[in-house]
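There are two complexes below, and they share chain A, which is joined by chain B in the first and by chain C in the second.
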Partner chain A sequence: MSGRRISPPRTLARGIPMTVWMLLLVVIPLGYTFVTSFFQVDGLQIAARPTLKNYALFFTDPMYPGILLKSMLISLAIAVIAILAGYPLAYMVSFRVSRGRQVLFMLSIIPLWVSYLVRIIAWRTILGNKGVINSALEAAGIIREPLSFLLYNRFAIAVTLTYICIPFVFIPVYTALEKIPRNLLEASSDLGAGELRTFTSVVLPLSLPGLVTGFIFAFIIALGDYIIPQQLGGTQGIMFGNLIWSQFGFAFNWPFGAALSFILLAITVTILRLTSRFGSTEGGFLGE
Partner chain B sequence: MSSRRRRGIGLKTYGFLVYFFLYFPLLIVLVFSFSPTKTIVGISGFTLKWYQELLRDGNLLAAFGHTLAIGAAAVGIAVVLGTAGAFFVSRASFPGKAVFRTLVLLPYILPGILMGISLLVVVKAIGIPLSPLTVLLGHVSFTVPVVMFQVMSRIARMGPNYQSAAMDLGANPLQTFWYVTLPMIRTAIVGAALLAFTVSFDEIVISYFLTGTWMTLPVYIYGMMRYGLSPKVYAISAVILVLSLALIMLMSRYTGRSAEVYRPRPSKG
Partner chain C sequence: MPSRAGTGDGPKARQGTPKPSFSPRARRARGHPFQSSEHMAEEHAIELQGVKKSWGDVVAVRGFDVQIRRGEFFSLLGPSGCGKTTTLRMIAGLEEPTDGRVLLEGRDVSRVPPYRRNVHTVFQDYALFPHMTVRKNIWFPLKMRGVSLAGAEERIQRVLRLVSMEGYERRLPQQLSGGQRQRVALARSLVDEPAALLLDEPLGALDFKLRGAMQKVLKDIQRNVGITFIYVTHDQTEALTMSDRIAVMRGGVVHQVGTPDEIYGRPATAFVASFIGEMNFLRGRLEAPEGTAARARVGGLEVRAGRSTVPPGTEGRDVLVCVRTERVRLNAQRHTDHEMDGTVRRIVYRGTDYEVTCSLEGQEMRAVVSAMDWDSTLSVGAPARLCFNGGDVTLFPGSEAGEIVQYTTEAV
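Let's look at the complex of A and B:
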């Protein structure tokens, strides 16, 4: 009810610094990029003559929607695998461990804050032609030639991005599981439900908001990444992020890059909106 | 009973495998940083040679310094703006507040490439050359929401009653803030600052677009990686790994996650 009321001007004035920050670093940059997506390139200059050419180019050349679709499918697979790894982990730490729970919790979220670049370096080392897996298999006499399917393809992208996404799934799922009153489990058991039945009828539905949040985060992280495909994807592993990046690098077509960015933004915002009714997305990360 | 125990063991084995998947790659980086050879098989001996080489790489040390400077500046700005913003959002009511919150969060939840490109497009349009300033703008964009949402959740748990009590007892707003509010949110601010610094320390996705010749450490390492993974890359990775871990450990003492949120709940039954 108090949400309808508007605070006095003195209180509102305290929001000025934050509003200035938001205008300068969020609203104006995103807004201006949107405007740029309707500009065109004239030689090496960006000409402010309005056009729909950039969006038309995206929808008429089948290559671009194809890359987007492929990237969305990979991201979907990554999000699913990250859930399959992260959900049981969160379930185990929340329900099955009593001693050392705090340690396991920390172990699960530490990878979130360990350098992104270091983790990419690690996976290049493991999957490379002279990498850990290949040299171990060669030394064991199992293979003669290095397995080439490990690095510079979509498999390597999927492994590394899944690795990055697991803690992002763990946190919201764990938060949701911790909120489940433990006496509900006892009630379920008293009513004769087995462990599996309790899981499917009580635990899983109640943890759904966390699961959805984790899934969205994994999907968005995977879809927007350009560094991992660059480092581990090779030529066949181009993702939508690389496509955007290349317009600002060697292709030098900023207006088209801006249009592609807006397509990515529209997808991201749509997914966030569609799923926001399952629970707050901000909660899992920066709140709590 | 026995089948139940077996299932528990299955889950724990699975959990152990996931932890192995999470930590094995980090271990590999550490091993390679001390290894005199470049392959894992037949690894023998131990060397600190690559670490010594790091110390001789002037550009790398400079980039390291830049990262610390950017982190400190961005966190300083984020603490002031984010804390003020947290109080504003927690206490003020106005139409469009939900939109306001979402807009603040955007730099943190949008794919980094979108923030990087948007900021690049706008600084180029204004005519600001790529410089330490543009890198700083990028880092301020995502450190502010980190601080704001951490402090906001502490304010939410604290409730407004303590301030009301202080004011009733005759404290003016400044005294209330200094003697009552600030001590209660201090650990949240320290934790948020450490978290924001950790994020800034590693950031590359946004920085990449805003960096000219003045490079932060991740951007510099990214450049090194173009020529393959040299042992020096492993050595600097190991240094970053250890520093990140130290920051996380320090952070976990302040954020109160362990103390407040994730304490095992006593069963009510």
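Let's look at the complex of A and C:
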């Protein structure tokens, strides 16, 4: 083991950049936010007088937990749909295609290289009153009035966030599928399993870690987003991310915003803990 | 994965799975679910009729015809790339033959997918499902036939006992050694009693000692269970010691199908002669091609051969004069009908014996001398009398010289 021979001081030295990075960008800001969440606001000033008022406000006004719950449900739906769309795509690229596999892989992740805002505006162009869908339907004579349920509501948020999340599902699922030794599929077939049973008994369980990772990615991305609800959500489409953002942006109530952030963080971390434990017990077998 | 014991169609499944007993007699009496009972007695377990496989211009198997008896231990032997694994995969259904037919128990299965064929493959790297315990791995083929885990328990236990792996049910494959994984893979393939087991170099990944032990285990199991084994190997010793019959392949061509002693004692081609055992090849000129009266000239010496595969009418052409190294004696006391004077060039000590290479008429002839009979007057540069009987000599056409596998001292 070459790693063991390195003397302790040098090992420490190696860890310094990472430690500094984590301190500066993660630990200190989070710590600051956490402390702020127990402060109060005096006019437009943050007063360093400790209080639990911010957390109490969240739990006493039913609006806040309500929005959080709705956001979680939408995010859950988005994550599920992203899995339903991304998994078959990854499966196809990994198992069914031999020629042009690289091209398909690139096509699947290329959306990640396009600016986030550009993609949001693109969806507005697709879903809007004079957008691609409405114009096409009108031209075909199927509708007279543009369909108004397409944009500025939760539907638009869900569609766009799902689209944003698909590559984040695709990548871990594809990686997990690629790791499955192909002779396991042959063995399964050889032992009497048709294609469907090979999928349910061998492929799906072995790709579960990737699926769980993809699900977590999609769920967390959806839950934390505030730009898409703002741009495409209209009046009813407020999500928890918007709530946090507005406390920092308009309301100048940083302590309350910080408290909301920490509530979201606590939920996210809990979900991560639960699912990653699930994912790793299954995923441990893929180590070799 | 949660335990599924007791769920599913327990009672129905139990009814549908007769209690197996792993004896050949029981198997014969019970017959097989996949075979029609009318022509049970005659038909072969596996039959290949002109089976060919090619990928574009690359030909892997150039026409294979063979009939494999039920309960036979049949080996496909050859160097890597000879088409033996492709042949096995065509029997398994993992490859579709380009031409010809594969018959399982008299039924043409050439276009039948693997999961509808009543044969199982033991893969070289075992292909155990890493996310399933030993028990669930073995349950897998039964599960595919609708047997619940509870209903399969007895058969799982029996087959674990067969491969001496009782008590490992709850282990995961990664917690087992190579030899243990091998046994589990074997158990998994045997548990639903297929018509044949296809083994693709199953011992290739094991170390030398373990391989020897596993050879015995495999042979014993095959004898006890009475299932037809098709065994792919590049190891001639393995093939010779375990098989009822061997097909020797090279470059997609079947050179010879026969029992181990036929293959060893009466090789059909120079390739077979060189691939199996240790053979001396001397270049000579044919004098008489006829069967037992065949004669050839090696330099200034005349050699009579007990056997010849050279076609008549080729007198004067090049021939390969072949004699096994262990059939050549040095300075023998007993009379042999060929005695030739050579010079010792090389002596290699190999533990149980010495291999002595002598020069003879500008060529080389090797003799294997048992360490017990070692004659200490033999040394490099010393003269030696090479003695052998014409009955042990075979003539092959000189055109086969290119097929001779280069000799190496490596035993395995």
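By our rule, the second predicted complex is superposed on the first by the 269 of 288 C-alpha atoms of A that agree within 3 Å, B and C clash if a C-alpha of one lies under 4 Å from a C-alpha of the other, contacts with A are read in each partner's own complex, and residues count from 1 in each chain.
The criterion applied here is as follows: a contact is a pair of C-beta atoms (placed from the backbone, for glycine too) under 8 Å apart; a residue touches a chain by one contact, two chains touch by 3 or more.
The structure displayed is predicted, hence computed values, not measured ones.
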Could you say whether A:129 touches chain B, chain C, both of them, or neither, answering first, second, both or neither?
-> neither
Regarding the shared-chain residue A:270, is it in contact with chain B (first), chain C (second), both, or neither?
-> neither
Touching A:206, do we find chain B (first), chain C (second), both, or neither?
-> second
Looking at the overlay, does A:181 come into contact with chain B only (first), chain C only (second), both, or neither?
-> both
What is the contact status of A:27 with respect to chain B (first) and chain C (second): first, second, both, or neither?
-> first
Per-residue contact with chain A, leading partner among chain C and chain B | B
Which partner does A:51 contact after superposing on A: first (chain B), second (chain C), both, neither?
-> neither
Kindly classify A:197 by the partners it touches after superposition: chain B alone (first), chain C alone (second), both, or neither?
-> second
First (chain B), second (chain C), both or neither: which does A:189 touch?
-> second
Same chain A residues contacting chain B and chain C, which ones?
-> 181, 183, 186, 282, 285-288
Can you name the residues of chain A that touch chain C in the complex?
-> 181, 183-184, 186-194, 197, 201-202, 205-206, 282, 285-288
Going by the contact rule at the top, pick out the chain A residues touching chain B in the complex.
-> 2-7, 11-12, 14-15, 17-18, 21-22, 25-30, 32-33, 36, 85-86, 88-89, 91-93, 96, 98, 101-102, 105-108, 110-111, 113-119, 121-126, 128, 130-132, 135-136, 138-139, 163, 166-167, 174, 178, 181-183, 186, 195, 220-221, 223-227, 231, 241, 244-245, 248, 254, 257-258, 261, 264-265, 268, 272, 281-282, 285-288
What residues on chain C touch chain A, complex-wise?
-> 1, 92-94, 113-115, 120-121, 123, 125, 127-131, 140-141, 143-145, 172, 174, 188-189, 192
Note: in the complex, chain B contacts chain A through residues 4, 7-8, 11-12, 14-15, 18-19, 21-26, 28-29, 32, 38-42, 80-81, 84-85, 87-89, 91-95, 97, 100-101, 103-115, 117-122, 125, 137, 140-141, 144-146, 148-150, 152-153, 195, 198-199, 201-202, 204-205, 208-209, 218, 221-222, 225, 229, 233-234, 237, 240-241, 244-245, 247-248, 251-252, 257-258, 261-262, 264-265, 267-269
